[in-house]
Amino acid sequence: MNLWKEFSKGFVKENPVFIMALGLCPTLAVTSSVTNAIGMGLAATFVLTCSNVIISLIKDLIPSKIRIPCFIVVIASFVTIVDLVMNAYTPEVHKSLGLFIPLIVVNCIILGRAEAFASKNKVLPSILDGLGMGLGFTLALVVIGSIREVLGAGQWLGMNVMPLAYIKSPMLVAILAPGAFIIMGLLMGLINIVNKGK
Amino acid sequence: MNYFVKLGLVLLLITAIASGILAFVNGLTSEKIKANKLVAEQEARKEVLSEASRFEKQTVTLPAVETEPNPLKNKVEAGPRQFIYYLGYNDESAIVGYTFVASQYGYSSEVKTMVGVNLDMSIARIKVIEQSETPGLGANAATADFQGRFVDMNQEQLQVDKDGGAIKSLTGATITSRAVTNSIAEGMKILADAMTEEGK
Amino acid sequence: MSFITQIFTLAVFAVFVNNFVLSKFLGLCPYIGVSKKIDSALGMGMAVIFVMTMASTFTWLIQQYLLIPYNLEYLQTIAFILTIASLVQLVEMVIQKTAPSLYKALGVFLPLITTNCAVLGVSILNIQEDYNFLGAILNGLFSGMGFTLVLVLMAGLRERLDKAEVPEAMKGMPIAFVIAGCMALAFLGFSGLNF
Amino acid sequence: MNNNLIVSAAPHLKAKNMTVKSVMWQVVLALVPAMLAAIFFFGLRSLVLTCYAVVAAVLTEYLIQKLRGVPVTITDGSAVVTGILLAFNLNVASPGWLPVIGSVFAIAIGKQVFGGLGHNIFNPALLGRAFLLASWPSLVTANWTKTQPAFSLMFKSMNSLNLSSLQNVPEAITSATPLAAVKSVRVLAETNPDLAQQVMDRMTSMDTISQLFIGNIGGVIGEVSALALLIGAAYMAFRYIISWRIPMSYILTVFVLTFAFGGLGGLFSASIMLPFYHIFSGGLILGAFFMATDMVTSPVTKKGMLVFGIGAGLLTAVIRLWGGYPEGVSYSILLMNCCVPLIDRWTAPKPFGEVRK
Amino acid sequence: MGLKTFPGGVHSHDNKEYSRQAEIIAMPLPGKVYVHLSQHIGAPAKAIVKPGDEVLAGQKIAEAGGFVSIPMHAPISGKVTKIGSYPHPAGTTGTAIEITGDGEDKWVELIDDAKYNCLSTDEMKKRIAEAGICGMGGAGFPTHVKLSPPADKPIDTVILNGVECEPYLTADYRLMLEQPEAILEGLRLLMKIVGAKQGIIGIEANKPDCIKLLRKATAGDKTIRIDALKLKYPQGAEKQLIYACTRRKVPNKGGLPMAVGVVVQNVGTAIAVYEAIRYQKPLVERVITVSGKIVKTPRNIKARIGTMYSELLDFCEGTTEDIYKIISGGPMMGFAISNLDTPMVKGSSGLLLFNKKEAAKDAEHTCLRCGACVEVCPMNLAPSLIVNNAKYQDWGLVEKYGVMDCMKCGSCAFICPAQIKLIQWIDIGKLEVGKRMRSRSQVGKA
């Protein structure tokens, strides 16, 4: 049961985006469509899980003084792998995520989990932690992406979900930078209200 | 001191392993990435010149134009400019038209357009392949509606309506419209010159 | 265009038009996290300007003289992030030794900068945008200044909102995002600037 | 002794007629001349749109205050002012839902999220406009209607140049607003400097300027008549509702900069009338007197107000001359709104008797 | 017209019409007086009588508690009946000596010193100190202290404050009309004591008759000037008055007028100084304005110190409506008190009574940041910034924005459209910042 807890905490209770406010740059930058959100979320999940595994494996081998550089090397390697693989097999998504794939390296969620969890735990919990956090991150991205895509383009995952009149002149600001910030702020406010209501 | 050497060695080892793995992955994917690019271009060409099934690269050397280099960017190799276009062949190996990529800076980005040209030097179709203009305004250049406005246009008509041409510009985005139109017009001119030269 | 105009244009674009935070979504964590007080925002901003300029310089050199000649472009991410991390360490040690008062002011911010995506971002963008050496350094400098500008403005606004009756649920981070959104709306006014 | 005694801190006297309510409603009153001018030049639809915006603003304020469980203050007039100013920033051809959505955004995100009147950082009406402009750019910028007598007069005089016989009919003639004409002329100057200069001369003629001043121009609802706006502004200045510092420094800065850089031939090549063209066209008068002076979102210090005005003037001139949008007033004011806390902090007055060191 | 004035300030109806025509009249002796031991700034006086002692009017009943302090004298003859706690006009309570009068008004012997003009300055200062004189404009700073500047701060100007910028109050106005000679004589003595070459009497332009009268009286005297000042509040504040008359700016952060070579005294104080030096008469009575729309007969009353406010009001035949607010002093800076059974002190310049409408205060609104308070602040502060930070306990900024330079004239709160009680917040700010400054200086010493 404890393992389930490790896995599920990232969804709501310790959601990296909404609760811990980590990894904000990709959260806002790539969520102008749900497709991008999923792509980014899964890429980050992959890096997070793999680096958690490796780090929990080698944690006893590396001196603590240089652990951060070591973590960064591990993470950067996986990021590069994701980068290359996505470029090869999903070139469209790779193109629209652009700069933000290499920037997964500096996503504080990943280094944060490596430092706070994987470097202190065994492999299995680390995998679950990475998967859970990664999926929580993906979930957050998809939520924001959905709102932005529906409002800003009248579509969801590329499918029309709003009346045609709306799709013709949607509330564009939602997929622009200002809309991203404001929607994020309002969502966090909403979560605060819900949490307080509990 | 020994301790620090050890630290360095550990880090070096990890980096080396990582580099090795990455080199391996890179080897696996690099061909695919290159191929992707070619395929994408090929597909865009097919889209604007649907009758063609095979394309052949042609290069026109243009007289060098004195342009002031941007002192903050890497130097582009000097020398004559090259204009690249493709001859489109159908299954019977007959030429059915030409394609080229037109490019010009628009409102906030370089707008690249793939242009398909019929043998009579009218436009078959165009496709905006790269831009990051303002969504809702300039970005509408990538819509089928706007791209459709170019079909069958000839070189004389290639100007936006505000400049007296036949291309109806996008609402509120004259600059982008102008960039697309003018870049195509320029390419058409070079292409036409190249054709007449060949004809001689 | 003349040399001076080019530099001026680069500066205006990096600071206002393509602001790292408001239009490129880079450096959001410190933008939201270190913007509660004007003084700390200023400190962070100065540190970021410094590190971004240094990082631009070194990563450009590494790219041009190491990665490209040996066909190692796929190691870009790993090389850049290691460069930045060690650079930050080095800067921290140098400042600590040579200028203790500056260290006192900037010290707490320096470790945070390693994971500031604006630094890695500018390094990669310098390569993507094909800047030469001078261009890369200036782009790093101006982008850092753009970051600092909005960071300090944000801190000013948040200090004021600390003293306002913001609804309970919106206090803290939510309102900071809303302000950022409004600032981004205002900064849209610079789009399409053309000298 | 009775128990009615009130014990409160000094002072025990209060200036008359200085209440939030009276200030806000006097601003509404000051906007009436401009409203009348808009009805005269654009027709009754301008009034209808304004009413939509006002009703939406007041309703939104009411609903949110009910939801938040704070006292409802819709009678203080501030939501009304926001509604009017928002509608004044739209063109008369806008669909009716545009001012409604703009008002909802202006009140909800521009004001109530920050805690309501007094706490908002940005001018709500301008924020609403910026939101609409980012969301529906083609609806907000395009579709300028040349209805009513508006505008035709100005360009009738231009047409007398018989430019149409020339090739490349200059865009200036088909531009819908005076400021778009400025942009077009600058574009034209690159290809045909002589023609551009001719158009420019016509633009800066006494004829055109006086038309601009009275209000025969295309544009958004509220900015149509500089004269009507100035009447309202004079009233507010007379009642001490606005201080001269922001509008004057704002307009003077625009004057100087457009004179210096507005000409087609380089520094100071412009006619001295060009700054007047800039001042009386577009939203400068409306912005400088009614929106930059918004108390809540401008500095409180005297020096700060000057800094605010100069900064807004600088940004306006930059956006008008080199920016992507024809008009920069609303963005300039929003940008300066961001700077207000810093301005206040760094221009805090030196106490009387500061010792010079 | 170029009337002299200062930057900032507010315009308000002066409301002086109620009492400006009322000549100063002496009030019948009260049955009991209550002499507070703390009527001034500085250490309280120490009682030297005990219940049961018989005292004469003018007899010293409390001695100065230090250099910055003044002695107290019995205002009437009679018997000390109690030393206890009584309400103070500043809204607090304090120790006072209760004297039950014998109705005979027996005085200690007063000598008319014909050669008072030839006394040494030290002797003059001693007589002033002995007479227990403090500033009568309201603040109540011991006069002899003001007249003893350190040697490195030479004084060249004495300004008499005849501005009386507080609305309603007319006591100084009547004094200037009725006793111009005594005022001028007091001024000359003050000038002599500090060695000043010029004397200025600053009078607000709403008292043209005083200006005319005093100008006539000083026609031949080149050393004394009468300055007509613009009608604006707080024209009578010390620093503002000095600036208006001499264009000199008293340094902020606790600077005193002596830093710019000026001493300011109230016109009432000038008369007290004159009487103290010539007759060695202690300060036991003063003129106080009792006014307000609801007062039946508003008056300028010459009353003994320690007279109950209730008796003053009775002397004015009471009020026509229910009283909703009692103000001790002027309406701008005076204190609202909760009890008419409060004895007047040496600084009591007025007693005002307001009805319900006049006393009503609107609810406080959020600050609109209109900047009106900044516009009017005579000290060139930004009151709204101070108050906003005080509300949220950011004392560092409260101090930075200069709360300690505020003199609490109330102009900001008067003008504020949001009805914010700025002075209340500034009071809190001053208290907190004061604490911080003290603890800082202690740390510095340690």
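In this document, chain identifiers A, B, C, D and E correspond to the written order of the chains, with residue numbering beginning at 1 in each.
Here is the rule we use: a contact is a pair of C-beta atoms (placed from the backbone, for glycine too) under 8 Å apart; a residue touches a chain by one contact, two chains touch by 3 or more.
Being a predicted model, the structure only gives us computed values, none of them experimental.
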Chain E and chain C - chains in contact with each: D
Identity of the chain that, by mean CA position, is farthest from chain A: E
Remotest chain, chain D as reference, centres from CA atoms: E
Between the pairs B-D and D-E, the one where more C-beta pairs touch: D-E
Distance from chain B to chain A - Cα centre to Cα centre, in angstrom: 33
Chain centre separation in whole Å, for chain E relative to chain A (CA means): 70
Averaged-CA centre spacing for the pair chain C and chain A, given as whole angstrom: 22
Where chain C touches two or more other chains at once, by residue number: 74-75, 78, 82, 165, 167, 170, 175, 178-179, 181-182, 185, 188, 191-192
For chain B, residues contacting two or more additional chains: 15, 18, 22, 25-26, 30, 107-108, 134, 136
Shared-contact residues (touching 2 or more other chains) in chain D: 109, 113, 115-116, 118-119, 131, 134-138, 324
Touching pairs - complete list by chain label: A-B, A-C, A-D, B-C, B-D, C-D, C-E, D-E
In the complex, chain D residues that touch chain C: 68, 109-110, 112-116, 118-119, 121-122, 127, 130-131, 133-134, 315, 318-319, 322-325, 328, 330-332, 334-335, 337-342, 345
Sites on chain E touched by chain C in the complex: 366, 388-389, 391-392, 394
Of chain D, residues touching chain B in the complex: 135-138, 141-142, 167-169, 171, 174, 324
Footprint of chain A on chain B - complex, ascending: 6-7, 10-11, 14-15, 18, 21-22, 25-26, 28-30, 32-33, 36, 40, 135-136
Residue ranges of chain B in contact with chain C within the complex: 15, 18-19, 22-23, 25-26, 30, 68, 70-75, 107-108, 134, 175
